[in-house]
Amino acid sequence: MDLVIKNGKIVTATDVYNADIGIENGKITEIGKELRGDETIDAKGMIVFPGGIDIHTHLDMPFMGTSSSDDFKTGTIAAAFGGTTSFVDFSIQSKGDSLSKTVETWKKKAEGKAVIDYGFHVAVTDATDSVIEEIPKMAKEGITSLKLFLAYKGSLMIDDGGFFKVLQKAKESGSLVMVHAENGDVVDILVKKLLDEGKTDPIYHWESRPDKVEGEASGRAIALAEMAGAPLYIVHMTCKEALDKVRMARDKGLPIYAETCPQYLLLDKERYKEPDFGGAKYVMSPPLRMENDRKELWSGLVNGDLQVISTDHCPFFFKGQKDAGKGNFAKIPNGAPGIETRISLIYTEGVLKGHFGINKFVELVSTNPAKLFGMFPEKGTIAVGSDADIVIFDPKKEIVLKAENLHQNVDYTPFEGFKVKGYPVKTIIDGKIIIDDGNFTGTPGQGKFIKRKTFKVL
Amino acid sequence: MDLVIKNGKIVTATDVYNADIGIENGKITEIGKELRGDETIDAKGMIVFPGGIDIHTHLDMPFMGTSSSDDFKTGTIAAAFGGTTSFVDFSIQSKGDSLSKTVETWKKKAEGKAVIDYGFHVAVTDATDSVIEEIPKMAKEGITSLKLFLAYKGSLMIDDGGFFKVLQKAKESGSLVMVHAENGDVVDILVKKLLDEGKTDPIYHWESRPDKVEGEASGRAIALAEMAGAPLYIVHMTCKEALDKVRMARDKGLPIYAETCPQYLLLDKERYKEPDFGGAKYVMSPPLRMENDRKELWSGLVNGDLQVISTDHCPFFFKGQKDAGKGNFAKIPNGAPGIETRISLIYTEGVLKGHFGINKFVELVSTNPAKLFGMFPEKGTIAVGSDADIVIFDPKKEIVLKAENLHQNVDYTPFEGFKVKGYPVKTIIDGKIIIDDGNFTGTPGQGKFIKRKTFKVL
Amino acid sequence: MDLVIKNGKIVTATDVYNADIGIENGKITEIGKELRGDETIDAKGMIVFPGGIDIHTHLDMPFMGTSSSDDFKTGTIAAAFGGTTSFVDFSIQSKGDSLSKTVETWKKKAEGKAVIDYGFHVAVTDATDSVIEEIPKMAKEGITSLKLFLAYKGSLMIDDGGFFKVLQKAKESGSLVMVHAENGDVVDILVKKLLDEGKTDPIYHWESRPDKVEGEASGRAIALAEMAGAPLYIVHMTCKEALDKVRMARDKGLPIYAETCPQYLLLDKERYKEPDFGGAKYVMSPPLRMENDRKELWSGLVNGDLQVISTDHCPFFFKGQKDAGKGNFAKIPNGAPGIETRISLIYTEGVLKGHFGINKFVELVSTNPAKLFGMFPEKGTIAVGSDADIVIFDPKKEIVLKAENLHQNVDYTPFEGFKVKGYPVKTIIDGKIIIDDGNFTGTPGQGKFIKRKTFKVL
Amino acid sequence: MDLVIKNGKIVTATDVYNADIGIENGKITEIGKELRGDETIDAKGMIVFPGGIDIHTHLDMPFMGTSSSDDFKTGTIAAAFGGTTSFVDFSIQSKGDSLSKTVETWKKKAEGKAVIDYGFHVAVTDATDSVIEEIPKMAKEGITSLKLFLAYKGSLMIDDGGFFKVLQKAKESGSLVMVHAENGDVVDILVKKLLDEGKTDPIYHWESRPDKVEGEASGRAIALAEMAGAPLYIVHMTCKEALDKVRMARDKGLPIYAETCPQYLLLDKERYKEPDFGGAKYVMSPPLRMENDRKELWSGLVNGDLQVISTDHCPFFFKGQKDAGKGNFAKIPNGAPGIETRISLIYTEGVLKGHFGINKFVELVSTNPAKLFGMFPEKGTIAVGSDADIVIFDPKKEIVLKAENLHQNVDYTPFEGFKVKGYPVKTIIDGKIIIDDGNFTGTPGQGKFIKRKTFKVL
């Protein structure tokens, strides 16, 4: 065998056991005791789990007059440091463009740069008949998920008719529709009203996007999906108002799925009060919510109403990008970094603080993303035949998160000062070690496009 | 290695992959390709999954003036034929007895007879202070689950005070409380009223135990568990009225669990109309429900509000036992057989009919029972280090279920005539083949007592 | 006194008692025993209640290329025959018109014609800033309710932004927003799809507007009203999907109100199957629903989640108007007659069939409409000081409803053949008898414009 | 006419208008303008409404080793001062007694003492067959409501079987079952546990009866009523946990009713912290709750899920009675005074603070109690033919509530220091003024037994 990981505690979404893992040609070929290989990693005392999968990122994305600050090189290196070995980024249609062209544009951004495997969702912002007709072709090419925005009126937002048509066609094609659920019409009016009143600080971003805006849009999206007979995945859920809609839908047996992100689990509204424009660091949509919402989200993860933790990684420099919104919160680029810190934060805050066990942790950060987005069983598990995308995780390693020590191309982290216990020490992709005790040992461009399969009910 | 299972499609609650399984000293020691052993099973074309676990059986149980007709020998041989390799039976306290004595009595029933591994729940029917004090000791001895009846007034039923005390103590001890949720007071009155009106046929058993009786008791049991801060497991759930209570509880984040059984998924009220007293075959408590309830139960399984499918196997001969209730439905011994048919029925009706995938199937019939009842990871999965309790399942084998071909010691099956596709062809326990293509090759008494661990949130 | 009604059983939303009513100058001035007046009506054996108020009518309305067939003369005479003494019609903005101009147009339709008192809602179809600014002025002029359509894409439909702005301004002005809640985007797509498939019969009107379309829009409308802090009134509610949204809102304490209509209580989907294009008679939006929905609506009335029964009277001749949609259900003018039959139908089906008592009946058809729409206590009750708008109702009179015997200007009634027991025999407006045992004794133009007060919580 | 009340603003559950009221022989005979009578009250500037009806009082009741401190004289005089003109007290069965004997005992307590009209509920604490058989007879004698306790284990508490039998028989007899909904089994265990831990202060009374105890019992009571097909009235509801059960039931269309009391609307848990054993003043069952529960109760009143505000008047002297529980909260007599302060408090806090309008106020304190408990239209409204039980209420009168100024026979009021605006200045019963600007002018014994009618859906 090419590589053997010895003596680790292997964890999947179901199992926990001690064994060696044998790897050949980038695949796991054997799991047992006393395995031998050309190369050996001693994982004694370590937890060994399938590489993290982040299905919500925005690398190198033009947005609000600037671009997210991580490209496919910096962003994926950061991901690898954090224990993430695959991701799915959003290729976003410009009005007038075909979906094919959209995806091609994004593929070029990735090529020669990505160090981990990547797929693309395609975001439909202009649902003309010819665009709708491209959906089956996209699916055949491995783009089996579509994203729609009910927010960002005047730019990304789609109307209910466009949304409904996409749902109908996606269902035919076996694609999964993802939705950003905020009522863009209402947000638009609230933003104008606040600015008219001279309310321009970052906290008014929060005020302009109340939880009910998300609750309404989530309810509507679910209703339209139900009418179309299509499954639906709601991205970055933040609050009880929205989660209650998912609970009701799932109690009725509907195939409705939703994700949340570490920032919504760990941070709340208080952050917008940071002095010196500091609140701008947390300007993202939807915004951070109240303490009780955080509690509800944890509960939603435990009992299965939320199935995935992704990052919505969309970094902008605090100095040089975020400050475009000084004097007008509506001009602060929306987004925050997170691709590197997800795994360790969720292990610390989710597992060690007793919200859920370690199998659920793996399920949320790796297995469910793989299953819901057509990458399983190649990705998302440790089993004979799967890709050797593996994280060696030291459960005793304690770190205080600081932007300066992270590899994301951005000058802050929303999680500055968070103490985490448990950190990836080696990240293996395709059987190759690309993060080795704090050193990047991979090659830009080694990451491959993932041609994803069509959707299957979880 | 002692035994190698080659070329099968291995399925766990998470994974599906093709590999060989190596077994030594009754444990799985290696999973890989091209393994070699002293003995080899060729599982090409077969599905290989962890042995079924049935956590709700009543073997050799005195009840209603008779005894359930399967003892630990006949019942466990039948279980093994059906692909079940472990089970947990109910040892039921007689008023005045200690819990220790109760468990000892049941252990004796099993010893020298059981061919598969077994554990015991202990049912508390008389919650005196000294009985409550025994709960921690029971847990230490591996009896980490307790059963309470809110039904059977005058015999097994406990009042809310006794129930609450058991919940409090169980929480301290890490034990899981299981509850039979029907309002015994109301049933009692309805039974008398029906008999007074001369309504004595089996269908009046159905009328005497309406779904609201189960809904009420389920709601009450959950409320008491919530007040005690204790987890709760509701046995044999049958209907929307009760399931809605679980949904609400889980939406609030409470650790409430519930099981259903094949009979509630596949049969309904119409059965009570079978002529010639035939309805008596289906007299069990709670009774079969309406078609819509069946639909709700399937939905509850899919979305995770129900976590387990068990059998409530409690057989009585139609001729010789059930007929005690001719002329008085209240004297029909309550219960029906099912230990042998569970796996194949659920595979056929659940997986093949598209309710859920094969991972969920394994989760419901094996992994979750093991996890919830302290038997994981020894039982409930296929992983290095786990017990070699394995089923080789032929997905192409088609059978029409007939009582005469089954091994349960009873003269009927409620599933007579059901066509199943997919059937266990070999059952391996502890690394030994005990069912081999239709032949029992094991030894009575080879089954071992399972000392179960304390409860952990799923 | 001018007029005394003697010996009747007087019924209000609260009371039932026997007394005489004295009237002077069009007002009730005394209630007692042995009253004497210039003129006397002997109401022995009769029920005497406040005149019906219909707050949902469309007289003389241009729609779908034609006009509703009752004008303010024929329609109000029919209303008076049926026991309705006041109504509020919808003046509907044409794109580009001001609200003032809209109302003026409608006032002209009424003047010289109406025989009962009338008010106007104004329907906003084009929510420009200047239109929004007219809302307070409208309120001052007695137009204290606004109507918005979430349906009829491309003609009457407004987007969420326009709706939200109207809600905000209405709240400031003390006006009540009314909403037609169906998702016009989805309906539009479903209509096209059905027509593309060659499905052109009236029943496909039903299929093009599923209950979930109404449920979604009702939920959205409530969410937007909640965000605006405004009360909301949902018109012509038809189904459980929508009613459940109202129930949830009211359980949260929100000031959400809703009406239903006799056709939704008494008729259902089966009607669309009437041969010879007969289903077209029932083509209205939303469409008739299922039997279970009818049951839910009755329950909603009983327990207070629905507060009003109006008619949505919008008649089109079956021959000559409805037949425009032969071969294309989407061209059938939407609407049906009902202004004359409401009171008697609801008395018969609601009170006599035991759904609710006679006080609730008066509340639903008269008192609540008056209170919610700023006409109380002048209208909607029998009390000293109130307008003498009174119905003398013979509870023993039995009639079989037939279009040919009704006074509505239309060639059919959806309630053809319904047997009613209890019918108005005299209708008094402003102290004057205008319907006298089957004869119209009033004068076109005697009806007065009702300058309505601002909204107060019920 | 004997008496004319001139120029007042008359308010009923529906109406508000200015008129004179003429009274003869204790009945209202005329309502109009310029009426003349032998005696005249000038009510200019006053509000005139139907006398308050308190359907939940405990006068002269033996309980917990003592007796409530108001008898039928002191209690009814206090009631009259507060604007209450009728009440229904609880006659409580002693084990072994018949219901007839129970009621007779209570009638004797009232005779010669009561100054306002009175009825009795009968509380069943021992549901033997013969007691159940008395229910129809009781109904015939005007005792058309029954009370059951799910709390007070070992004394008043009844089991589910007894409760269910009473529900069944009550339904047959047209009687309304009222329930005290707390789970007595759980309370019992919590009380013992707290006392064992040395927790004896009044605040532990609060801790021993959590809201979930009330929620559970309310849910159970509703479920049993639903199964019996019987209406149900839940007394003294205090919290969201319980109210949510009522909301769900009513949303399903069930005839479930509930009351709350001023103390639960206006006071909360903080009161138990009053120093010097002061918390004992608020020891009642259920206990005061949290601020959020108060908010929910107001909302429940507004939207109709709660229909009545009663008092649960059950006074014990702080000095001499309450102090029996020093050192053991479980020995503090449960109960508090309120019969005199209800009307003014609810007007001030409900109407003036904008929770609801003045019609709803009359509905809650007078009309609904009369309708639900078979006393309408004699009681509960101002209409020709009704009893002349009338309150003249000065909306400008401001008072600070102080025990020393009240007429209840008890040394404290839970509402000490509350400022009220609006107070009864004259109370008229049977056409006679018995409270006249602060003076009692009636006669003990003038109050009459009210033979109540059977239950009708509200």
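In this document, chain identifiers A, B, C and D correspond to the written order of the chains, with residue numbering beginning at 1 in each.
We take it that a residue touches a chain if its C-beta (ideal position, glycine included) is under 8 Å from a C-beta of that chain, and two chains touch if they have at least 3 such contacts.
What you see is a predicted model, and the numbers here were worked out from it, not measured in a lab.
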For chain C, the least number of touch steps when starting out from chain B: 2
Per Cα centroids, the chain farthest from chain C: B
Whole-Å gap between the CA centroids of chain A and chain D: 57
For chain A paired with chain B, centre-to-centre distance based on mean C-alpha positions, whole Å: 39
Inter-chain centre distance, chain A versus chain C - centres from mean C-alpha coordinates, in Å: 51
Contacts with 2+ other chains: residues of chain C: none
Touching pairs - complete list by chain label: A-B, A-C, B-D, C-D
In the complex, chain D residues that touch chain B: 153, 159-161, 164-165, 168, 183, 185-186, 188-189, 210, 212-213, 215-216, 219-220, 223-224, 226-227
Touch list for chain C against partner chain D, complex: 10, 12-19, 22, 29-33, 244, 247, 250-253, 296, 298-299, 302-305, 356-357, 363, 367, 377, 381, 383-386, 456-457
